[in-house]
Amino acid sequence: MSVSIIILVVLALSALGYFLGRRRALSLAAESGRKLHSLPGYYGQTVALFVAVPAFLLMIAWLFVQPMVIDARVDGMIPDSVIPEGGARSLVISDVRRIAGGLDAVLARNSLDEGALTDGRVDFSTVRGRLAEVGIALGNDVPTEVFEAAKAYRQGAKIGTLAMTLAVLVLSVGLGAWSFTRIRPDMRARNISEAFIKSLLIGSSTIAILTTVGIVASLVFESINFFRMYPASEFFFSTVWNPQFRGGSELGILPLLWGTLYVSFVALLVAVPIGLLIAIYLSEYASKSLRSVAKPAIEVLAGIPTIVYGLFALITVGPFLRDWFAQPLGLGNSSSSVLTAGLVMGVMIIPFVSSLSDDIMNAVPQSLRDGSYGLGATQSETIKKVILPAALPGIVGAILLAASRAIGETMIVVLGAGAAAKLDLNPFEAMTTVTVKIVSQLTGDTEFASPETLVAFALGLTLFVFTLGLNVLALYIVRKYREQYE
Amino acid sequence: RDQIQIAGSSTVLPYASIVAEAFGENTDFPTPVVESGGSGAGRKKLCEGVGENTIDIANSSSRIKQSDIDNCAANGVKEIQEVRIGYDGIVFASDINGPEYAFTPADWHSALAAKVVKDGQLVDNPYKAWNEIRAELPAQPILAFIPGTKHGTREVFDEKVIVAGCEENGTLEALKAANSGDEKAAEKGCMALRTDGVSVDIDGDYTETLARVDANKNGIGVFGLSFYQNNTDKLRVATMGGVTPSVETIASGEYPVSRPLYFYVKNAHLDVIPGLQEYVEFFVSDEMAGPDGPLSAYGLVSDPELAKTQEAVKARTPMGPLN
Amino acid sequence: MIDISVPADRETVSPSKSILTVDARTRQRHAAEARFRLMGKIAVAISVLALVGLLTSILSNGLSSFRQTYITLNVYLDPAKLDKQGNRAPEAIAKVTTFSYAPLIQKALTDAMAAKGIAIEGLNAKSAFELISKEAPAHLRRYVISDPSVIGETVSFDLLASGRIDGYYKDRVTMESAELDRNISPEQLMLADALRQAGILTTKFNWDFFTAPDSSDTRPEASGLGVAILGSAYMMLIVLVLSLPLGVAASIYLEEFAPQNRFTDLIEVNIANLAAVPSIVFGILGLAVFINFVGLPQSAPIVGGLVLTLMTLPTIIIATRAALKAVPPSIRDAALGVGASKMQSIFHHVLPLAMPGILTGTIIGLAQALGETAPLLLIGMVAFVREYPAGPPEGFFDPASALPVQVYNWTQRGDPAFVERASGAIIVLLVFLVAMNLIAIILRRRFERRW
Amino acid sequence: MNQSKVSARGVQVYYGDKHAIKDVAIEIHPRSVTAFIGPSGCGKSTFLRCINRMNDTISSCRVEGHIAIDGEDIYDPKVDPVQLRAKVGMVFQKPNPFPKSIYENVAYGPRIHGLASRKSELDDIVASALQKAGLWNEVKDRLDAPGTGLSGGQQQRLCIARAVAVSPEVILMDEPCSALDPIATAKVEELIHELRENFTIVIVTHSMQQAARVSQRTAMFHLGNLVEVDDTDKIFTNPDDQRTQDYIMGRFG
Amino acid sequence: MNQSKVSARGVQVYYGDKHAIKDVAIEIHPRSVTAFIGPSGCGKSTFLRCINRMNDTISSCRVEGHIAIDGEDIYDPKVDPVQLRAKVGMVFQKPNPFPKSIYENVAYGPRIHGLASRKSELDDIVASALQKAGLWNEVKDRLDAPGTGLSGGQQQRLCIARAVAVSPEVILMDEPCSALDPIATAKVEELIHELRENFTIVIVTHSMQQAARVSQRTAMFHLGNLVEVDDTDKIFTNPDDQRTQDYIMGRFG
């Protein structure tokens, strides 16, 4: 049975368990005349969860462990002699796996049964060709040992899958039946099912952690490779960013970090005041109808592809700033500048600040507003002194989200601020950000195993640590000023 | 998997997609999937191993590197074919309404290098306008949009324009002298460009360069030949060393700034992925890559040695060691 | 600690103030109020203006892509060219390439011109044929292969005009620019005008734009969004189905159940930090985990969906947590006081009240996910894909592209006709976005209440 | 007529369809305490909130009729509700301290009205307001603790202190002693006594005793109608209306 | 000892550093009404909330000591606070209706406890609870109006109805009549009388009269200490402690 069918069967069993459990709880209660501890639905839920959750867990564990076990067995069957010179054992093993999968396909295509493999109804003397027919690619021809190993692998996998099907179904039915018979009117069904749900909630929040682990892990490996080729001290402290094709690049992160900070800062300088004012206006002043139109409309700003913003920066904002500000003020004549990118990016992240803050401010209880109005405060005083402080944690969250988006943006920076890494205070100068360089180094034409490409990973990792620091700071600030209402 | 998977250079992408489209139209095979993502990443993906979930072909705007080949070998990808599909011309163009330019590589080096020789002295680049470099050039302020360091085009630009110009105008000699004869350091000195905003790196694509030229009418951009050919109504192309870039002048080698384009095929996949061999042959066939084919019409400079490539492809000759 | 003592009683009885005449201080406060309000209005106006500006530029650039110029020709499907054996064998007909179809069309055009008496000086038949898209022969070939019996008949086809001709009727190409343009000549434009006069060349609504797959750089007029729309729809389905429940569940645990300690602080900071991770890094993660480790296929919406889910999660979690935090504790107390469990009090009372914030997070998260290209770059979805993915769920594993990818690709192409199409794709993307978020927006309005 | 501080005529209040106040006319005398009594839900709070236009904040609420303070119509479009509310202070039925420190809660009003030019002045105002509300002793050494962390009765007194701190001319108190023990109640009543010398006070109360103790005049509401308004003595000894009599005697509800 | 419904020993409660309840021991008798009296801020609500572990929700709050209901320690880790709260209902000092309809407010408890199997049964429970709380007449034709749109006193009765609807064994009422007029108060007191026959009731009140009227036993709190607990008659006529006497006489605060 394939995995998806097992899943469907278990789900069906679980639904059945729900109805049976519920019914049994009701009838038991009626029989014994005792009150149920929990609502009848919870008894059903308990049975359903017992049917489904452990079975699924077992299945997942099995799917992980089985290949390892089989690999270990197959590993023993492969003599060192068949491992090609300079090749790795793991490659041969993956060949084995592929051949095994291919055999299935071959059999399926020729509508043959198991016996065909052993009694030679199919000619497997040219395994490679045979497999190619069904779209399985092999690098080399197949030595007999490997072919035998593949057959064993197949056998193992077959037995494993069968055993898994059995085990999962038995566990599912068994636990279901067990929990079913355990139903008593005084059983704490709600607590049990809530404990299950709580563990699901915990499971969901571990995804965030796993994602972090995954990100760090996928960055660390190549970063280490990078630091093997390029001195870390240069990377962290050099003020020059100048990659070259033929090596001898200077890859200092400082100008990029500076550009990131500068551009994000300008963007926030635009987005935070405007976004907050919008949130205030919409949640406190605007009529319901205006709000219900304006809020989703402004949210569209966050959905416009960044290339549009980028082109807007490049074609309109950049030359405008250059002709009207930079040149008259003698601050240079670059049409791409930190200010250009920052302004345009600021517009893009307005909704992050405005919409989230608006929701949070809307959730501040009316009684607080009344309290302030009752003292003769104007609306703006009420907003500034009562509502904003009460909504602060949510607002900081919104701003952080906006900042995050600003740090992660590339297209607007490329088109608006340019690609030159520079350490400069002048906002009319072209600069660039870490993220832009991560993208461009990663997708460039340089060979992968060169510091010029691998630097992308080191940049990613450094940025990760850097923003982590900023977030810790933000959390600390929120904690300090948080006001809990009611 | 029933379709061919291709990844790599975004310079090769337009040509590859023209071929893929025609291939899908004229055969029973599904249209191949052509990813862009850079030559480096494409070659890395090619070398990730053999099997269904790895790609079949990597497009590349530069030759494969030894490190890639080693990586391939380590992952069991032994045989790869190198297929040269033609040449990409690199042109210098400015706004259509601006003046005509006739450059030499030396002009470009003088315009963009950080240090140049002036009156026999190695000095920080003093030039502000083209006519200061050479009186024949128009009196326009210098502003150049050159490919960013992520682009393979930049390598060619550095090599065929900047370094060549450096030699031409004598800066190389002066640098060599300053570096006590160290050739490498001198070359590096040649390639150090000024950072005062006169030379602008473009990390994006040619459309960005075009938009920048549009926004800065006195700017000169570096484009691919095919891109220029699609926008002859907006751009005025400059000559280099007296030669106007075109498919013909590049093929004949008269126009100096060009580079070969390649793709690399994983031989292990050839009989396995349906249509792969046919695709490869189709690509280099005369109908596609020949001088009268659609690729050439689109701006790819046809390889004079195409016939050789066709043979090699038929024979599935894997590439030998890099020379 | 504020340490103050009680002062002597101060009884200041000011004379009664009129409420009709505003005193100076109040006037100042009102001025501040008016300023504040005005600032709010200006802020809204700025953003609406920015929106209107961006939308107008998108619309003015892109709306034209919804119309397309066609040339209607009666083509004789010559058996001598298409079926040399004459037995209508499908295999043989399939071997005939598009190169053999082109002359048929060229002939049909010449005939049509002759019939209408159109002749342009200095224009040969080959140049005249350049008016017709390179897609046309493929169109004919598909038609014939699907029904070989039409060979030998004369069939009327609506064939795409080439991109430059189309651009001529959209004011992108003019007689002056054609002088300079090596891809079109003024004579060709004159021919187009003549054909238009004769009713052979017409402009119609462009359905193909929404259904056709992408096409190569040489035929911008034939490119469409079919594959991209499917790919985006599949990915968004995955994102929505995964990220909303996961995000809300994680937030509930962290905000309501998790003990307040260093570890949960760490998780909180960590999630906020995930939001700041550049999207391309999620692509790196997706490549490493979903493709290389789990072995999911390249270029597939399933991988894209999973990567975008991971990317959207922090946004939803941050928004949800903020919204949960904003629900006053008295509501929770009320529920607990009648014997509801914590779980019940959250699901019955707190969550509905936090709903607007959750939905906002979802709206913004999805908007971001829908428009993202960078992570797709690494998992192979930024690609030229012409084959439609199958229906769900198998289609999740087929190669597909996505709307932002199409925008990204088209803006990079040399032919200026793609500029219009990129803007058209952006319009479609925005419509897609609004449609996708409509339910959330309506729901949010229903859940909004003050207490 | 002109002797009235607040004078209302033909006041009608609707919450959506619900007619909550029906044609109420009343004169509230200056420098005196007026008590509003009546069964729960009869419209006392609603009418009270009309007097400083707090009903403006409830979107479903519609007020008709004429209410004047010092002869000036408060629903005149020229009137500035902010100034009105500074002049007519309010203590709400449900204590609603701001999520700020106790000090900030009380200092908030004086700050926005600019009543103190120096920090020490502000400190004085805060301290004296808290003292008047009888809360000083309990909170004097935790002024920077959050106001929301107080007990119910403490919060109520905090809200009284907050209202008193801005010295409004009219103070509307909606059941200011509902959560207070007798002694704290006495303290608040004492405050009312004191304030009466200069200010006008309207108090909603459910305690007949309290109404009798602190007020000079009493208004009796029932089902949105003003049944009767007269001197407190008269109301409690010899009401005109049967309903008043019944209510005071505890005979209906 | 075993006759107690609730028995507390050595209870200490802290809010952060603040020691709010100091070593309180008390026995609450079943099927009787116990009144908690004491000046505002003395810890009545705090102690009341300990009895059904509502203090668990305040993160700064720490409870020590031993409280048992029917002899079972409620702070035992094995105890499910949910079940405890279903058994020990609570009416909070500040009325806190759900932002839902009046009907849903009352029906919520019975729903989650599965007290009604059919809609009509639920309707009956809701109607009778509202009736008991004396709110039925006022809201019977607007049961689907939001509970938050009620007057202060009505909200208070709604919360009483909500608590009564689940028929808990012990009902904790924190000043349930603070916003009620005498007649509504009488109605609630009547309810308490009625409930007493089967249930155990603890009521916090500031009205000595009310305590005297409804309770059998009275506990006097002061500054976090339980000063004295005894039969109501005894407390009001002949208290042991001087502070009780003073408080009842209205002599300190």
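The chains carry the letters A, B, C, D and E, assigned in the order they are written, with residues numbered from 1 in each.
Just so we're on the same page, contacts are C-beta pairs under 8 Å (C-beta built on N, C-alpha and C of every residue); 3 or more make two chains touch, one makes a residue touch a chain.
Just so it is clear, the model here is predicted, and its values are computed rather than measured.
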item: Those chains which touch chain D and also touch chain B; value: A, C
item: Identifier of the chain whose CA centre is least distant from the whole-structure CA centre; value: A
item: Chain B and chain E, separation of their C-alpha mean positions in angstrom; value: 82
item: Rounded Å distance, chain A centre to chain C centre (Cα mean); value: 21
item: Centre-of-Cα separation between chain E and chain A, whole angstrom; value: 48
item: Distance between chain centroids, defined by C-alpha means - chain D, chain E (Å); value: 28
item: Multi-chain contact residues (two or more partners), chain B; value: 1, 10, 37, 41, 52
item: Chain E, residues touching no fewer than two other chains; value: 82-83, 94, 112-113
item: Multi-partner residues of chain C (each touching 2 or more other chains); value: 29-30, 33, 329-330, 341, 353, 377-378, 411, 451
item: Pairs of chains found to touch, sorted by chain label; value: A-B, A-C, A-D, A-E, B-C, C-D, C-E, D-E
item: Interface residues, chain C side, partner chain E - complex; value: 260, 329-342, 344, 348-349, 353, 449, 451
item: Interface residues, chain E side, partner chain A - complex; value: 80, 82-83, 112-114
item: Contacting residues of chain E [partner chain C, same complex]; value: 52, 54, 57, 59, 82-83, 85-87, 89-92, 94, 96-99, 108-109, 112-113, 148, 159, 162-163, 165-166, 168
item: Of all residues in chain A, those that touch chain C in their complex; value: 190-191, 194, 197-198, 200-205, 207-209, 211-212, 214-215, 217-219, 273-275, 277-278, 280-282, 285-286, 292, 294, 296-309, 311-312, 347, 350-352, 354-356, 358-360, 362-366, 378-381, 383-384, 391, 393-394, 397-398, 400-401, 403-405, 407-408, 410, 434-435, 438-439, 442-443, 457, 460, 463-464, 467-468, 470-472, 474-475, 484-486
item: Touching residues on chain A, where the partner in the complex is chain D; value: 365-378, 381, 385-386, 389-390, 483-486
